[in-house]
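Note that chain A is present in both complexes that follow, paired respectively with chain B and with chain C.
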Partner chain A sequence: MMRFLLRRLGHAAFLLLGVSVLAFAFSTLAPGNYFDEMRLNPQISAERLSALRADYQVDRPMAVRYARWAVALLHGDLGFSFAYNTPVAPMLWTRARNTLLLTGTATVLVWMLALPLGVWSAEKRGRPADVALSWATAVLLIVPDLALALGLLVLAVRSGWLPTGGMVSVGFDGFSAGQKIRDLVLHLVLPVTVLVASALPVLLRHVRAAVAEALEASFLRAAEGHGISRRRLLYRYALPAAAHPLIALFGFSLGALLSGSLLAEVVMSWPGLGPFLLEGILARDLYVVIGGVLLSTLFLVAGNFAADLLLYWADPRIRAEAAER
Partner chain B sequence: MSELRAKSAQMGAVVALVAILGCSLFVGRAKSFPPQHSVPAGEKEEIVRVAGEGGRRGGRIVIALKAEPKTLNPLTAADTPSREVISTMQGDLVHINRATQLTEPALAKSWKISPDGLQYTLTLRQGLKFSDGRPVDMEDVLFTFRVYLDEAVHATQRDLLIIDGKPITVRKVDAQTVVFQLAKPYGVGERMFDSWSILPRHLLETTYKEGKLAQSGALGTAANQWAGLGPFRLKEYVAGQRLVLERNPYYWKTDEQGNRLPYLDEIVFLFVPSADAQVLRFQSGETDMISRLGAENFSVLSRQARDYTMADAGPGLEYNFLFFNLNELGEKAPAEMVRKQGWFRSENFRQAVSLAIDREAIVRLVYQGRGAALWGPVTPGNPRWANAAIRYPGRSLDKSRQLLAGAGFRLTNDEIGGPKLVDAEGKPVEFSIITSSSNADRAKMAALIQDDLKQVGMRVQVVPLELRSLIDRVTQTKEYDTCVLGIASFDADPNSDLNVWLSSGGMHLWNPSQKHAATNWEAEIDRLMEQQLTATNTVERKKLYDRVQEILVEHHPMIFLASPDILVGAKKGIGNFHPAVLEPYVLWNVEQLYQRNGAENARR
Partner chain C sequence: MSTRSRLIICVLVLGALHLGVACAGFFAPYDPATQDREHPYAPPMWLHFLDAHRGIHLRPFAYAQESQTGSFDEYEENRARVIPVRFFVSGAPYRVLGVLPLRLHLFGADVPVYLLGTDGYGRDLLSRILFGGQVSLLAGLIGAGLTLSIGLCIGAAAGFWGGWKDEVLMRVAELFLALPWIYLLFAMRAFLPLAVPPVKAFLLVVVVIGAVGWARPARMVRGIVLSAKERNFVRAARGFGATGGYLLRRHILPETANVVLTQAAVLVPQFVLAEMTLSFLGLGVPEPLPSWGNLLASLQHYNVLVSYWWMYLPALAMVPFFLGYLVLASLLQGSSRATKIEVASAGV
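Moving on to the complex of A and B:
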């Protein structure tokens, strides 16, 4: 077990190192830098720009800058934002927290929907209910997320039922605890709906396929022959038998918690990591970009790691394989 | 039973997730408010009485910003949202009224300019207080200019205080009087004092001595650690979401009835990154005012106007233009580029391109008629400095073709019978226009120019580039043929664009940072701009700048295209809504804005 864990952790560290080098290289080698937009400000002279560039060490070789950043990272410092003139880490964490609230809620919801619907669909495979569900998910797959998000926003404007963006209302601080929860939930409805609608079809189809395959297994037919109830058969025996690909998918869901909601966040003005990172990329705010990419990668690695652990726990074949090594 | 447990666990997970991640929403963001200081009885306060419609106290307005401001520090602010927010929190000695475009007394109640134009004597108002209640004295003024001029601070506006290579010196005469000594007369006169925020020495001196002044004023700064002389002061910042400012009780203006301004209790700036989302939030009533609207969104909102008023303030100061790569590229330049530069350096060619472009169509199709066609760099939004003698002659394809023929170009037919222009060597005239992919209006302009030039046989490709890549090409690598870009001047005075017109300027886009002027006409522009810079007579300055405009139109280094109108909107309940064409368009008179339903709005 320990060897398995150490090997996985080694892979994760190597991946993070590789991603940080690549992100640094791509961000640095992309044409232009943060101070370029100031060149279009008639009030700022070329000399002032040169002084600013020198102050922020923009002109130093990439390797030197990477080495300095990496050393700082070892001390828990993710660098300094050119634009905000403040350390990157607290800014990233504030936005990441908002993103996690959104994507965490959406992830829980989508799994809560996908599991029972997928199992039900597998059980009814080929019947009208299953066909109807397939059509419904196909429609959700076809509709672009952007169109869905904009459509929901227009609906919100026309109906006045839901807020049209943001995370809380302007007067939030003056609300009672109950009003605050209600306000937050109302603001979550639209972006969560977009995220759920985009992830549900794929997840549901995977659950359906995995359970349908498991239902064909002879041990399940035998169990059915022994008179075990249909519901118990599906959830106690078929679902665990179909777990292998689903656990991998679950790991991926965890991994995408920070990086999977960019579009919804931008369109719905959700103050998460996505819009912040996008702004950082466009502004060439180097350390914001590297920090954001690294944090997203960390989640991806952690998601995969969690999936590996779950698989290790759920699948005796993997345990045996690890023991043999 | 186990299913039930599983479902309970799932529900529990949702609740826990919301609780854990959301708990920080409910706690920990409250800031310490500045202590309340009462105005000492009997102290003389030299208040400014502002003319105009009287309003009602109370309420708030909510306005969206396209991006989060980066700082509250006027020294380092370079982005538009920061400048917009800072303008409501800070005060300057002399202020340019955004509606009249003329100067008016602000923190300085009067000023005197010496006959030689080298000395400006300003008298500070008595009884001024920062928004934290601490009195303002002359040491604050001296401190402000000391830090703005300190090279180590990297103040973005510092260069404006350098006249003829020498920094302005500031000297205290007495408790209320300060003298600014210039090395040479400065044509802008007292306008130069606009937007220099007077900083609170009591809060910033220690930071300055520690060499950390540029880092101060971050958005997370506690409210009691930041003060200014503007109508509002910091109340709360929620990262990524909003910035809330509250009324400054020590503000130094009253209305005609003697009621202390501002009327509003709060301004809330929401960060809404997309223009469409801003429109939706305005439509749904979540924001009270909207600014920097595109023509399309303006039309949509105007058609659906219910409880809001949409206003077209007319053309602003932004001018959009096409320019050619006229840089000296040296011997290593590719032959293709050398050949193209041969065309671009021909004034007849540039003028022919100019005459072939249908500017009226640009205004009609890009700005839906809400803009002005431009022939020179000064827009109709700046009537004081526009050269009225320069008139847009209208599009003329015939004249364009004649000029091209005169410059040795020949019009032939391509393989499908369309016009094809070839140069004296028989090579087809083909070039690209780069433009910013993030600016849809300029991308449309480039496409229209492509279509216009096709009619005189030129083949043009439009290449949208991400803005920083574009700037890199124009100012660093010089790898481009032509470019469509725009400049939005901060002020109506020609000196705000000095860097654009001087051949040594970094923004002399067609050939920036020249050691010596590359052409005679550029040398003449240099001479004229230097003269107007130091001329103290406005009539003389106007004459000099008129000539600069004439030269630009004669030689066409830039082909001026169009200027968009300033399009804004506000809820009908907002009083004193009078948009201006200078920034900040809707908030320039923020101290006079009020909610007609007053305090009722505060409960919204």
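Moving on to the complex of A and C:
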């Protein structure tokens, strides 16, 4: 168990290291930085500019900057934002929390929908119900996320049923606890719907395929022959047998939801990592961008690590393999 | 219907769709950059066959839109002014596929007719959607081509050489797979110049999109190369003294054709969407060059979103293409289960 854990942790650390190097390499290869824009501003003198450049050490070689940044990172310091003139980390944490709230809700919801629907359509495979469901997922699949997000926004704006921007209403601080939750949930509806609708069709197809394959297995025929109830057959026998590919899929679904949330956040002006990152890119705010990318990778790696643990717990083959090594 | 004939129909339909966009100049009545400052945000005009006196016209016509005095974006149909639509008229010059200069348009009228309305500069939305499709689809096609070539090279190299080279290449691939891909796209775009001329920006976007997605095809190609390497006919050829390059070219790479084609059908719409996303966010193809993404960018303004519903139409232009590619991918994946799973997960 320990060895398995350590291997997976080492793998995760390697990925994070690689991504940070990659992001840094792109930043050095890129022409221009935050201070180049300032050079055009006649109110900032050349001396002031060179002092600033020296302060932020943008002219040092990449390896040196990377080393300093990495050491600072170990102290929980993600660098300094040029545009906001404050450390990146605290700003990033609030944004990341909001993104986590959004993607977390969407992840839970999408799996809660995909599992029963997938099992159900696998049971009814080939019958009208299954065909209808696969048509419905196909429709969701061919509508691009962007179109869906904008369409929902138009609907919400026109009907006025749901709040269309931000995370909370004006005067949120004065609300009672119950009102706060209600307000937050109302604001979550639109972006979460977009995320669920974009991730659901693919997951559903996977669940259906995996369960359908398990249902063909002879041990299930045997179980059926023993007169075990349909429900128990599906959820107690078929679903665990199909668990392996589904748990592996969990990691991928996190990546898709993180990517999707970026777009949904920008369209619905949800104050998460997405709009923050976009601003950072447009302002050439180096450490904001690197921090944002790194944090999103961290989420994904953490999700994959959780999936690995789950797999270890759920699949005896993995346990046996890990014990052999 | 057999799978083969379905495949042929699907390819024909997709081809026709692409041909329509490639000949955007012919189907679009106006140049996408022509501004009509008298008609900003003009709503779509309907084509009529029945006039106010219940007379039937064989030639479709539209009613002229006249702006209300004191308002810049409110129009009223003038039922008295009938604009007959004429077909195969000569109009704004354009080039088919960038080479063949022509002036012939499918339809036109003496007074501007905006079938899908106009944007804030009075530019015809139908023309912009058609020309924007050229940009977006080209970005998707070239991006997919780029990704597949990179993936094919790296996957073949990793699978064929094996050993530490394989190990290194696959670790790098994992790195690319580990990142949420839009974040990766952002990160790459972030450090490239922001304000560049449209054509250069287009190339930049294509390269960025193409460079991001190679990891998955590379892994799939590697898997196929690994198994193909040990097939008996390959071993026989090797025994007869075939060189590595010959083996790859003649025996191993043809085995990957099915996977590469399927991946192409999956990647093209994905990359068109990537271009749309980047341009929508202002990081992709800039104005005045239209693309499906930057046509939607104006919807980020609340008043456009609320007042001018037709500005949303470019979002739907992609749907028939998505449908075509989805059907193509599911037909191509055929009977082999391994590819089926990979195709499905590629959509994640």
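FYI, the second predicted complex is superposed on the first by the 304 of 325 C-alpha atoms of A that agree within 3 Å, B and C clash if a C-alpha of one lies under 4 Å from a C-alpha of the other, contacts with A are read in each partner's own complex, and residues count from 1 in each chain.
In this section, a residue touches a chain if its C-beta (ideal position, glycine included) is under 8 Å from a C-beta of that chain, and two chains touch if they have at least 3 such contacts.
These numbers were taken from a predicted model, which means no experiment stands behind them.
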item: Simultaneous placement of chain C and chain B on chain A, clash or fit; value: clash
item: Partner chain in contact with A:266 - chain B first, chain C second, else both or neither; value: both
item: Greater chain A contact set [chain C / chain B]; value: B
item: Contacts of A:2 with chain B and chain C, given as first, second, both or neither; value: neither
item: First, second, both or neither for A:51, with chain B first and chain C second; value: first
item: Touched partner set for A:320, first chain B, second chain C, both or neither; value: neither
item: Touching partner for A:95 - first (chain B), second (chain C), both, neither; value: first
item: Touching partner for A:74 - first (chain B), second (chain C), both, neither; value: neither
item: Partner chain in contact with A:153 - chain B first, chain C second, else both or neither; value: both
item: Touching partner for A:282 - first (chain B), second (chain C), both, neither; value: both
item: Chain A positions touched by chain B in one structure and by chain C in the second; value: 30-32, 150, 153-154, 157, 266-267, 278, 282, 284
item: Partner chain A, residues of chain B touching it in the complex; value: 2-3, 10, 13-14, 17-18, 21-22, 24-26, 29-30, 60, 62, 67-68, 70-71, 73, 76, 78-79, 151, 154, 156-160, 214-215, 218-220, 236, 238-242, 268, 270-274, 276-277, 280-281, 283-284, 286, 438, 466-469, 471-473, 475, 477, 485, 487, 489-490, 496-500, 505-507, 513, 603-604
item: Touching residues on chain A, where the partner in the complex is chain B; value: 30-33, 36-49, 51-52, 55, 83-86, 90-91, 94-95, 97-98, 100-101, 104-105, 108-109, 111-112, 150, 153-154, 156-157, 160, 163-168, 170-173, 177, 180-181, 184-185, 231, 235-236, 266-269, 271-272, 275-276, 278-279, 282-284
item: Sites on chain A touched by chain C in the complex; value: 14-15, 18-19, 22-23, 26-27, 29-32, 138, 141-147, 150-151, 153-154, 157-158, 199, 202-203, 205-206, 209, 245, 249, 252-253, 255-256, 258-260, 262-263, 266-267, 277-278, 280-282, 284, 289-290, 292-293, 296-297, 300-301, 304
item: Chain A-facing residues of chain C, complex; value: 171-172, 174-175, 178-184, 186-194, 273, 276-277, 280-283, 293, 296, 299-300, 302, 305-306, 309, 312, 315-316, 318-319, 322-323, 326, 340-341, 344-345, 347-348
